[in-house]
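Submitted below is the structure of interest, expressed as structure tokens.
Chain naming follows the written order as A, B, C and D, and within any one chain the residues start at number 1.
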Amino acid sequence: MTRSISDLAPALRDVVRDVRTQVSALHAELVRYRLVWGTAGNVSGRIPGTDLFAIKPSGVSYEELAPERMVVCTLNGEKIDDGTPASLVPSSDTAAHAYVYRHMPEVGGVVHTHSPYATAWAARGEAVPCHLTMIADEFGGDIPVGPFALIGDDSIGRGIVETLHGSRSQAVLMQNHGPFTVGRDARSAVKAAVMCEEAARTMCIARQLGNTIPIAPDDVLALNDRYQNVYGQRPSR
Amino acid sequence: MTRSISDLAPALRDVVRDVRTQVSALHAELVRYRLVWGTAGNVSGRIPGTDLFAIKPSGVSYEELAPERMVVCTLNGEKIDDGTPASLVPSSDTAAHAYVYRHMPEVGGVVHTHSPYATAWAARGEAVPCHLTMIADEFGGDIPVGPFALIGDDSIGRGIVETLHGSRSQAVLMQNHGPFTVGRDARSAVKAAVMCEEAARTMCIARQLGNTIPIAPDDVLALNDRYQNVYGQRPSR
Amino acid sequence: MTRSISDLAPALRDVVRDVRTQVSALHAELVRYRLVWGTAGNVSGRIPGTDLFAIKPSGVSYEELAPERMVVCTLNGEKIDDGTPASLVPSSDTAAHAYVYRHMPEVGGVVHTHSPYATAWAARGEAVPCHLTMIADEFGGDIPVGPFALIGDDSIGRGIVETLHGSRSQAVLMQNHGPFTVGRDARSAVKAAVMCEEAARTMCIARQLGNTIPIAPDDVLALNDRYQNVYGQRPSR
Amino acid sequence: MTRSISDLAPALRDVVRDVRTQVSALHAELVRYRLVWGTAGNVSGRIPGTDLFAIKPSGVSYEELAPERMVVCTLNGEKIDDGTPASLVPSSDTAAHAYVYRHMPEVGGVVHTHSPYATAWAARGEAVPCHLTMIADEFGGDIPVGPFALIGDDSIGRGIVETLHGSRSQAVLMQNHGPFTVGRDARSAVKAAVMCEEAARTMCIARQLGNTIPIAPDDVLALNDRYQNVYGQRPSR
């Protein structure tokens, strides 16, 4: 029997509504930072206190998104009765998002784009080298490459999880495909998607000029620790 | 004797009006995605139920377009009495659009731009290689190059049609010139123009970094089949 | 004795006002097409029926421009009493504009920018090769390079005029400096500046990919003749 | 005992308010010229007549900035009682800004960004060569590279000051990190940040095409002297 939002306690239904609102709004950030064209990128967010997440519907343009059109799925990637028409199917990348949520309990948000510079490194199967302090800050090392994987089963999700487990990075470049990023919530995953593209772009421009200078591994770790633990306003982060 | 819109049945006159409205509005998408500068690109749309199509007037800026200024032509590229002033001539690329409509009955829309990355590949006479899943999805293989052809007769149209017939792609890069795209309607042809530029851009960035990794031909076909047949919302596509 | 606008017949004063309005407004096009940053570019227009032209004031930001702040100068580049404060001096490139107006009577508008792609070719002293039909259409051949010249005397103006006289192009790339374009009026010179940057950009992207394919000289001339004489709407051009 | 704004004379409190207003507003210029993404860049301004400066709070997004949220610090980089909540900490780059103000009394504004082209040259540890008149005008020579330095002590500030003291440039590219610029006030430092990125971008594009042509050292100095002393409107600069 299909599960339904109406089975949830009222307080959890409010959480569902909040996550759908956030996930819907965050797609505008992908457009604003020019990470997506057409309908190609998607954001999802885990719904705290449940085994559900909310994700973009498939093939719907960014102008047509709204909180009540975000599709709610189980951690197996199956749409539940969420108040949207039965015909509104979740993103074609839903299986990959679901795999990440099942295997990375600390992750509360997932983003996928075909942002051009990150995707260019993916077309080469080459990691973005950590030759800038901003990459050390955000990613704690190179932005790694995951395997080539066809859509349709768990291959993409497994490639994401295995690659991220061997890295401090919140971003992985799936070969011949594009970046996936994760975060403690959907907003954090979107920030990682923005910074991943910026890192990929700046290092690509640098490479056009010639060789770049590595940062010593100890310095990379020192920068990353400081940024993750000291930077920003304490109360508001 | 010149044909006239007023010869059409009232229901068909409504179709003419709808296609002109759509074709006029779609030029704003070319501007939005930065595919055109000045007056260089053009969109046309076949008028269902007739042997006519509507196309941009020549040399008119995008700000000055309006549905009633879209020029209506026969499939031989001759302007009919469409309510515009006799002096408003159709796009200088009208002969190429007309040739495509005459020889590709499944095509309902044609777009031409000088979008910079696609045009750069055209300046080299090199196909955009299908080394990304998004190119496999959208184009089913490399984006092919058509011959060099001068404007003024059927050379451009013939080059477009012959090249597309040997490919699954909706886009062709005419050598030393720029991309033409087709679709089942004008909106679909505009989407192909946007994705063609995005594919050309991402592969150009990747090439700056070095060699890129091919996708196996069987995987290209599997991705294309899935995308063309499964992706998106069933009712709304 | 300094000349004054008030010496002009009333009908000519209206022409002065119209040219100042056009020249002021055209600077917004430089911003829109991202040809300028800060205060670096300038537009001027010859005032028909007089030996005067109107030009941007020096070092004033684009947001602060207005028709009544455009400085009116003689063809020797000397500011006349034009109603602006004595302290409002004309663009530091005024001598170059004036030289062009003195030596090219068919020119009614001049534009100078540091638009990045055209300036990049200028940093190399390399002409933009005419390997695209859009360059043949607009420029009738390569976009030529003029000599290195210091600001402060007629060197820049002389370099522009001598280079343009050996070419069909409306644009010249002054070595180590940037592009100057001319036209029958200021609007036409701005269009040439936009297309010069677009040509420089597209050919730069193509060069990143490898060698590009020339267009045969006869075809270049055929394209240019057609575009200059047939393209667009007859009455409105 | 912590110092407080309320210890200042009323006239100086007005100056504090004006500088905070300017510094807050100038961050919008960084966004407008696409020099920053997320929260990565910062502007500060010395408060004339005091030993204080105002700077962006750490990790706060550009949309959330306001004059009363600019943090006021001593020239040792310590926040004073400035009316913001005790929890609102200054930019993580505050120590570097403070070091510059302590050691360069002529400097009234400092800007730091990770603007992509300038940062790309920094990733290579290569100065932007002065092969364009606009670079001679603005920077009087190459834009120099400073040492690699970790955040957390005076290393970055010392690297900035030592590098700028050996140059006419208002900008320095800190290796593996990004540009810092200075000016007589915050507005001038922002202008230098914009022009630094534009210089870095144009020279990077030129380099993609091949070798570029140097400008003779005497010509560089002549251009710089003229631009710094003659260009623009006398009264308003």
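General remarks:
To be clear about the criterion, a contact is a pair of C-beta atoms (placed from the backbone, for glycine too) under 8 Å apart; a residue touches a chain by one contact, two chains touch by 3 or more.
Keep in mind that this is a model prediction, so the values were computed, not measured.
Chain copies subunit A and subunit B are related through a rotation whose angle, from the C-alpha fit, is 90° to the nearest 5.
At the interface between subunit A and subunit D, two copies of one sequence, fewer than half of the residue numbers in use are shared by both copies.
Our note on geometry: subunit A versus subunit D, Cα centroid distance of 33 Å, whole angstroms. Separation between the centroids of subunit B and subunit D, computed from CA atoms only, is 47 Å.
Within subunit D, contacts with two or more other chains are made by residues 208. The touching residues of subunit D, counted against subunit A in their complex, run 37-40, 57-60, 87-89, 92, 114, 116-117, 119-126, 148, 150-152, 175-178, 204, 207-208. Residues 33, 131-134, 191, 194-195, 198, 201-203, 205-206, 208-213, 215, 219, 222-223, 226, 230-237 of subunit C touch subunit B in their complex.
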